[in-house]
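See below for the structure under consideration.
So that you can tell them apart, the chains are marked A, B, C, D and E in the order they are listed, and the count of residues begins at 1 in each.
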Amino acid sequence: MIVLRRAVILLVTTAVASLVVFALLAVLPGDPAQVALGVNATPELLAKARHEFGTDRPLPVQYADWLGGLLSGDLGRSYVTGEPIAPRLLDRFEVTLWLVGTAMVIAALVAVPLGAFAAVRHRRTSGVLVSAASQLGAAVPGFLAGILLVEVFAVHLRLLPSGGWTPPNADFGAFLRGLVLPALSLGLVQAAVLTRYVRSAVLDVLRADYLRTARAKGLGPVRALVRHGLRNAAVPVVTVLGLQLATLLVGAVIIERVFVVPGLGSLLLDAVGTRDLVVVQDVVMLLVVAVLLVNFLVDVLYAVLDPKLRRA
Amino acid sequence: MRSLVLGGALVGLIVLAALLSFLWTPYDPTLVDAALRLRGVDWAHWLGTDRFGRDVASQLMVGARTTLYVGLVAVGVAALVGTPLGLLAASGPRWLGELVARVNDLVLAFPALLLAIMLGAGFGASTGTAMIAIGVATVPSFARVARAAAMQVLTTEYVLAARSAGRRPLAISVRHVLPNVAGLLIVQSSVSFGIAVLAEAALSFLGLGTQPPTPSWGRMLQESQELLAVQPRLVVVPGVAIALAVLGFSLLGDGLRDRLDPRLKGVGDAGR
Amino acid sequence: MLAVDRLGVRAGELDLVTEVSFTVSAGERVGLIGESGSGKSLTATALLGLLPEELTASGSVRVAGVEHELVGAPERLLTKLRGSRLAMVFQEPMTALNPAMRVIDQVAEAREVHHPGRDRVLVEADALRLLEQVRLPEVATLARAYPHQLSGGQRQRVLLAMALANDPDVLVCDEPTTALDVTVQAQLLELILAGVAERGAALLFITHDLAVVATVCERVLVMYGGRVVEAGPVREVLTEPRHHYTRGLLDASDLESTDEHGRLHAIPGTVPAAGEFPSGCVFRTRCGRADEQCADLPPWTGVPDHGHACWHPVGGDS
Amino acid sequence: MIVAEELSRSYRRPRSTPFGPRPQVRALHEVSFEVVAGQRFGVVGESGSGKSTLVRLLAGLDSPSSGAVRFDGQLVSGRRQRDLDFLRSRLQVVFQDPMGSLDPRMRVADIIAEPLVAQRIPGRAERVAEVLAAVGLPASAADRYPHQFSGGQRQRICLARALAPRPQVLIADEPVSALDVSVRAQVLNLLSDLVDRYSLTLVFVSHDLSVVRHVCDTVAVLKSGQLVELGAVEQVYRRPRHPYTRQLVRAVPTLRGALAGITAADLTP
Amino acid sequence: CSAGSTAYSSPSAATITIGFSAEPANLDFTSTDGAAIPQALLYNVYQGLVRLDAQGKVVPLLAKSWTLSEDRRTYDFQLRDDATFTNGAHFTAEDVKFSINRVKTAWTVSTKASMDVVDHVDAVAPDHARVVLSKPSNNWLFAMAGRVGAMFTPTGTADLRTTPIGTGPYQLDRFNRGDSLVLKANPRYWGPKPTFGTVVLKYFADPTALNNALLSNGIDVISSVQTPDSLSRFETDDRFTVVQGTTTGEVVLSFNNARAPLSDKRVRQALTYAIDRRALLATAWAGKGLLIGSMVPPSDPWYEDLSNRYPYDPDRARELLAQAGQPHPVLRLRVPNLPYAVDSAQVIRSDLAKVGVTANIEELDFPAVWLKEVFSGHDYDMSIVAHVEPHDLATFGNPNYYWGYRNPRVGALLAQADAGTPEQQVSGLRQVASTISEDAAADWLFLLPNLVVAKAGITGLARDQVSDSFDLSNLGRAS
């Protein structure tokens, strides 16, 4: 029932989102035909192009056409390339997923131990230093981190490429090398943010009665924290992770640009620039669905982590 | 406490710089002078000049204005829209709560950046469009925090007591719920403020924010990005300013949270 | 079995518990009573070395058969002793159990910690047996439940099962029944008593309910303002209290005796906040009998386990 | 004065299985009784037996699933909040948790004045001073915040607030359960005094039969939402008829009993 | 997955990677505007009958030679007989006929207009094509050297957006959208084999990323440095060679001649006096580039240095404004959101402020909004755009063009120049250039420089960029 309800909510939200997206794009000034044809496009040519694109039809028809396509799995054709959008969208999405996924893994790998450390040592200098560093790290704009990383590791040390993307199946080594810097720029800033949440979650857990119970059983402080604390601390942390993941899916644009990564964000930016409206609509829908899915996953994870939320 | 002081000092410094810039800046921050371009740090130009020969220190001061302005308006609007929405969702009928939650989901899922791009493409990128995009994106976090906190307050016995005293729902919202969620909302504001500063910088970096010649820290970064190797100062100065502003707001938020935590407050002056 | 000498707990400059001394021998049941804020829980947690990190303990706590002094003992030693020789049941059944772990696993863990490497099946069987011992109803299903699926009384039983898991020599119960209904409380008290009797354990039972302490314990310590103000056999202390605080508590808890206006006897005033107790006799600000002499710290009269600290004891000087 | 007619209230719990029905909890089931003016009516029962639910229904803070509540012949149940003004001024409630029922961000004076403000009763300042004095709090208390008081003092503030609009009926939901024995005595004394002085009708809810016995003249015993016994308090206490009541009476440890040799085993059935 | 590339795979001797800033939207320049497609494909994949040489002169390509009739209307082209399309089709006069006619029928971009003058095409013999114009036109032959002159085969136009089929030295290997375009040598190519078997054209939306790619060894050549301030990094590093030349890109401060107050010549002149173009060039383009003063780059034979027609003279500017009765005009400077335009706009705003003119900068989303508002809608006072197309001087003869410039004399001169002999063309266009300069029809801020940076040892890079193409065929590596 809950799954069903969720699915219905997901569907309705997506439908509303599609309408919102379409409406917003409809009022976006700029004519795709004119952009495609460029300067000195004659009225006849423009009309021809509009007809070809289908942008001369009434908006409801266009919307119905697009939505109908979506429902039958047809994402339409790009105005600019004339090609079907779906394969390209998936390619770009894959790139973004790699990037964001790696960044989140980096963030979690850095933040969980550091945050726990800062919480356990919150009265000692080392703990205070870690939390101060995380405060500072969270304040650095991601793109600045990206620019600096490129300057150091690519331009000066020439250890890693300054940008570009190689698909993993083409050359895995090159893929990894290309992934390091953008994933780090995204991941480190997120790690700093996450560290603060992990710290406060672990601090809460450290004060919890059940941790004292665990200690009273004869568990050492570290063992008690690991066996009883972390799982409970995970609930608020998962919320933040979910939010971060959602934000990054959408927000990796700048990093994609700094590192010339052909992800979803740069596709979106280009498509808006060229008024490739169907592509824009599809990208946004994909993002909306992805974000809603992430939320859904977070809910599922909650239930896994917190038996109180498991209603079975 | 320490974070309150440190955060307050940082934010205060920025506010001061912004206020002072209305009255005085070392130079006109928009005055282009080819003869002065890319001057290093000296007595005349404390932070040197940029590609256009404009005084960096003056730009920094006026840029603080933009930063604060965007933050204030975006967060202010988000708080003004999000808070009543959250309160309504908490105290109103169930379907309303559900609706607000779903709309929240939607706004969260809708790329704020896209909104900025579209607004920029549609109405011309400006501080205003950046502000709206950031503000809209910030509404859900306020609505959510307000709703969760209000739901908690509404289950307390003092709300029950107020009802039995004869208070109407609206009066309860205003007299009991709002004051008791205000602390959290203030913290939320300061956190959002930091996020807004970063967002404005990012949008300006993409050319979707503040328009020239108005200085903005993000724009300063963007305009001098290519000079990182040649004149790192031009990147470092606005970069550090942004980081300090965000840090300041987040410290202030932490400090306020501690300050407004009744548990911490209670210990100090209990029993008198 | 347990010997506590001049135990103190400080928060920075503030004395929260001062010079608490008592002993509990094997099989003995000692109660610790006092109003809220008198320092009972701090004393108990200090025994196990589980004070929050901002507090520091001083003085001496010794357990029979352990060379080392427990106050300031290395964490490793304490870890070894906790759960095996010293066990504790906490007040709040709602929060004292890990919400994300099945009940049986939490009980099993208590055994596993001190019997590492035992067969998982055996450990679970032990845990089930323990849960049966504390008479958890429908053990077969409830053992696999999560804490939130249990009632308060059931949770408290689980906590007791965990505390009894390794047949501790010393069991400390910090208000284990305060949050429970009277009927459930009665059952739980019986279980605790049965548990310690079976194991010959020393019991330190903390409560603010005089009736409960009278039901459970043989000896009692009365605490106020972080100090033990009176100690002795239950019957004696609760029938012929020497300290005016004990007297006040007794009168106030008796709902059947009233004064001439049909009013209950109440101790005037309220318990001061930590650090605001007066110097000298801690009770003198609320004591009808207080005079200038009470500004000096009253000496302990009697033996450590039986005596009082009052300049003007009830029923004249001893 | 107050009449409960076959009061029932059930709550819906969230579903436990994905497609199953939403289970209903019968918090109160067909409870009927009458409280006459001047009576001290006690309600006892274990945790979850429906005591607080009953209080909310009597005070018109919640609507019954079925049945009715009448106050002085007027229907309380099923009315809209704004039509309950007649009740608000004449019936007041004191809640269990003395901290939780005080808004931490309001000054004591504002807290006490709240019913006066809500019901537009004039002469606030004087009335606040009056009731503060009546519950034995200094006038200076008015400017302070709840967290600056001890538990017993907070319960006095709650009492002051309840008394402010000069009610005829006072409902107290476990007013001393959260307090120490010593403070409990103070508050119970005060409550008795006030009931006498203002000739209040008292509905007193508690899980502790001995407290009810001390305060009330009539007692109703609730178990799992049902009224299992109703009668004069002494009679119920001494000769409980329902097995549950018997169990309840028996399980209460008493000092006298303990000293007389009653052990823990004797308390349990 | 196909979004990806060979980027950064170890550069082999037979491969060269060149960084560009603008990515083609697709590969069909017959239906999609923009410089990126011909830049990649013209002369490399597609070839025309003629081409522009390094000096901008029209020289033979698929045509071995040609003759022009007395009345300057009939061109007879002798075609190569050894050229083949990459789909195997042989290049013949039929293809010439097909291609030129196709411009009229199938092309949708504006440049197709340059074929309007063609009356008809005859395939006289497989190696002989005749083109008859409806009136004499010098511009036509010039246009034939550009994208409209590209030769297609009827069997090779099925999917121009993804599958270009031409006769050039290279053919498409892969197009990794968002990343790169990979060309490989055409095995059937009629001409000399290019040095590099594979050319990767890699696209960087961000100019700094483009620089970094070369600095970090990710690419071999930067086709055009967009951040001239960073050029010093390459100039001082002997790992790199820097080529500096000219382009056909005039950065123009356009005036809306059709609307007050800029319809007043004095106001336009005043603005032109008020702007310190030397300083502007120094600020906006690090001093690289050339001050030109009119719409003609030095690679055109009719080039004259007119940059001193309106020297920087703020006093004169104020005077003129006063004379025009517009001492403090407020103008909308609506510029595309492109770095050069925004940078220049800031300098101009500052310069104009000094003479009492308020210029309010508005950044418009480029191309969509700029095209709609400024270019088509003529809703602006001033704008800044680089006009990169060759021979775009002619736009001043079009009164409907967005400058709103109407001068019948200019129209007449342009027509005569088109129809006349080469000498007449040169003198006619010189007059046009000086007339519009005199009229201050716009303010020609500067000519974009051609700034190419390559790894040391890479040869064959054109100094001046004279055509739409980035010619890959001459690239080599010094051994």
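In this section, a contact is a pair of C-beta atoms (placed from the backbone, for glycine too) under 8 Å apart; a residue touches a chain by one contact, two chains touch by 3 or more.
These numbers were taken from a predicted model, which means no experiment stands behind them.
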Shared chain contacts [subunit B and subunit E, defined touch]: A
Chain pair with the greatest number of C-beta contact pairs: A-E
Reference subunit B; chain at largest CA-centroid distance: C
Euclidean distance of C-alpha centroids - subunit C vs subunit D, Å: 31
Length of the line joining the C-alpha centres of subunit A and subunit D, rounded to whole Å: 53
Inter-centroid spacing, subunit E versus subunit A (mean Cα positions, whole Å): 39
Centre distance in Å when subunit D and subunit E are each reduced to the mean of their C-alpha atoms: 88
Subunit D, residues touching no fewer than two other chains: 150
Touching two or more other chains - residue numbers and ranges from subunit E: 208, 365, 368-369
Multi-partner residues of subunit A (each touching 2 or more other chains): 29-30, 147, 151, 155, 257, 269, 273
For the subunit D and subunit B complex, residues of the former touching the latter: 56, 59, 61, 81-82, 84-85, 88-89, 92-93, 95-97, 100-106, 114-115, 118-119, 144, 147-150, 158, 161, 165
In the complex, subunit E residues that touch subunit A: 1-9, 23, 25-26, 31-34, 108-110, 113, 161-162, 176-179, 202-206, 208-209, 212-213, 215-218, 365-369, 371-373, 375-376
Subunit C partner contacts - residues on subunit A that touch it in the complex: 123, 207-210, 212-221, 227-228, 231-232, 305-308
Subunit D partner contacts - residues on subunit C that touch it in the complex: 35-36, 152, 181-187, 189-190, 192-193, 208-212, 214-216, 234-235, 238-239, 248-256, 262-267, 270-271
Complex contacts: residues of subunit A adjacent to subunit B: 9, 12-13, 16-17, 20-21, 24-25, 27-30, 135-136, 138-144, 147-148, 151, 155, 243, 246, 250-251, 253-254, 257, 265, 268-269, 272-273, 280, 284, 287-288, 291-292, 295
